[in-house]
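In what comes next, subunit A is part of two complexes: it sits with subunit B in the first one and with subunit C in the second one.
Up next, the complex of A and B:
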């Protein structure tokens, strides 16, 4: 039998020590909420495929305070994800595009403009598409 | 050394999922988490027939699949790498539970959309 490898003792809440660590953990935690929410959405599409009664039951379940709390937390966490993702986007880009220096602030503003357009388009599509 | 070069591929899917969820998830949560269940949109928007008809559209099906599958992969990648931060040593089991769950639910969604 192989001896289990040595693990240096570590504070399990190491990320509470500095605000930059805490913000990092909040950013990573957004994935837990978005992932669970995606599974809930797949459940909704399953119910939609099973007929009207099943769909209405799923939609009614979304009105439950527990689900509304979950949706609210997911909305906040999704906004955290969007904000942090847009903030690092210019840093992941080339420094120069077509010989011109990339201005970080412009890239971030551009991302938010597209975000606004996408959100507006989806809202309008569901509002008038119905 | 079979797994030596899987990370760039996993990361590119993670990046794509990060971009698409950054743009799409907030408004999707607003819609299906609040506007539809709380009946804040006109009746025609949240009734079964119109949503079922909307989901029949091939473009809508494709968009849902791409957004959900990539976002799930993004989340699986973040959770898998985040396990180390909360003191869980990762191995094949953690990999299967994170990426496997994301892959299986995406596959289930694909079958669901094809039969819808």
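Up next, the complex of A and C:
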């Protein structure tokens, strides 16, 4: 009778073993910062609905050195996340679009172009609005 | 796992003045060993020896009980996948010279059950491969006078139906994915498969994608249930190491992402389109 195969115990710190795993974990961890920052933003909207005093308090809290550090850190994390995702985006593309071969570099450049244009539009809109 | 290595330098091993290299091989013989242990072998260093040559030397000259899979010696059969210093590679295209003079740690492919020594249990993978129906389904449906649903065994009928032509561009849609040799290095590279052995995995999804992309095939809907379930494409978190270790440049990570797009599109269309038009 065939013996059942031996299964080696799994290393709980498997992600520390290879640089490719460590890079992957960093990419995934960046989303934690973005998630927390989004919670902060939702809290802001909630405070806005509660009236002027609550809104002003939330705005003042945003200028606290702790919150400024957190926002700066989140910006860096968001850039890491964006760069790493844009770099692997071509893999999710089909090999041909409208009969033409998809060039990986063009996909990455295209992502950055759209990102840049949308960011520019938002910046202008915010300053125009203010 | 730190296991003390046992010494196994036999009489046939080269003298110390000769250039030599050490291989630390994970040994496990069911019934004899309660758990795998590393065994050290001193072998002569020959510059053009592959790891497969080195294992052959050990089996012929030092310890005939050593078990490992191999066949073609030229990276075609996909039998000799194993871990060298923790990296999944084919033994036939990995060379002693790339490690010399350091000792080399040889282990069976990670994330699989060990049958004996360097031989892993392939059964779970073969079941997964079967579940994605890796063959052309209803090939003659698109032939000039083909009859959809005609049994594939009807040779006369398929000949009468005419040629099933394919342009170079149609071939280019899937030829890269058809290069898979089922060596399972990608499964050893995939941490998600390590955490969840039910995950369909890189090679099975690549082969499903290969047939889904084939214009002669009509089996997308037949493969969809295995691909779109939670343990299908959605268990992949895009670590991407599978594509790095693939010896045939299949790029399984790309196949999985494209099948995610297909699955999501099909799901969206199932809400938008009336039943008959899907």
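Assume the second predicted complex is superposed on the first by the 116 of 130 C-alpha atoms of A that agree within 3 Å, B and C clash if a C-alpha of one lies under 4 Å from a C-alpha of the other, contacts with A are read in each partner's own complex, and residues count from 1 in each chain.
In this text, contacts are C-beta pairs under 8 Å (C-beta built on N, C-alpha and C of every residue); 3 or more make two chains touch, one makes a residue touch a chain.
Source: prediction; values computed, not measured.
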Just to be sure I read the superposition right, which of the two partners does A:17 touch: subunit B = first, subunit C = second, or both, or neither? second
With both complexes overlaid on chain A, does A:28 touch subunit B (first), subunit C (second), both or neither? both
Subunit B versus subunit C as contact partner of A:4, first or second or both or neither: second
Partner chain in contact with A:96 - subunit B first, subunit C second, else both or neither: second
With both complexes superposed on chain A, which partner does A:79 reach: first (subunit B), second (subunit C), both or neither? first
May I ask you to name which of subunit B and subunit C touches more residues of subunit A? B
Residues on subunit A lying within both footprints (that of subunit B and that of subunit C): 7, 10, 15, 28
If we count contacts the way the header does, which residues on subunit A are in touch with subunit C in the complex? 3-11, 14-15, 17-18, 20-21, 24, 28, 88, 91-96, 99
Applying the document's contact rule, which stretches of subunit B touch subunit A when the two form their complex? 18-19, 21-38, 41-42, 44-48, 50-52, 54-55, 64, 68, 71-72, 74-79, 82, 85-87, 89, 102, 105, 108-109, 112-113, 115-116
Which bits of subunit A are touching subunit B when the two form their complex? 7, 10, 12, 15, 25, 28-32, 34-35, 37-39, 41-42, 44-46, 48-49, 51-52, 55-56, 59-60, 62-63, 67-68, 70-72, 74-75, 78-79, 81-82, 85-86, 111, 114-115, 118-119, 122-123, 126-127, 129-130
Inside the complex, what are the residues of subunit C that reach subunit A? 1, 28, 30-31, 35-36, 86, 112-115, 120-121, 169, 172-173, 191, 194-195, 237-241, 243-244, 251, 253-254, 257-258, 260-261
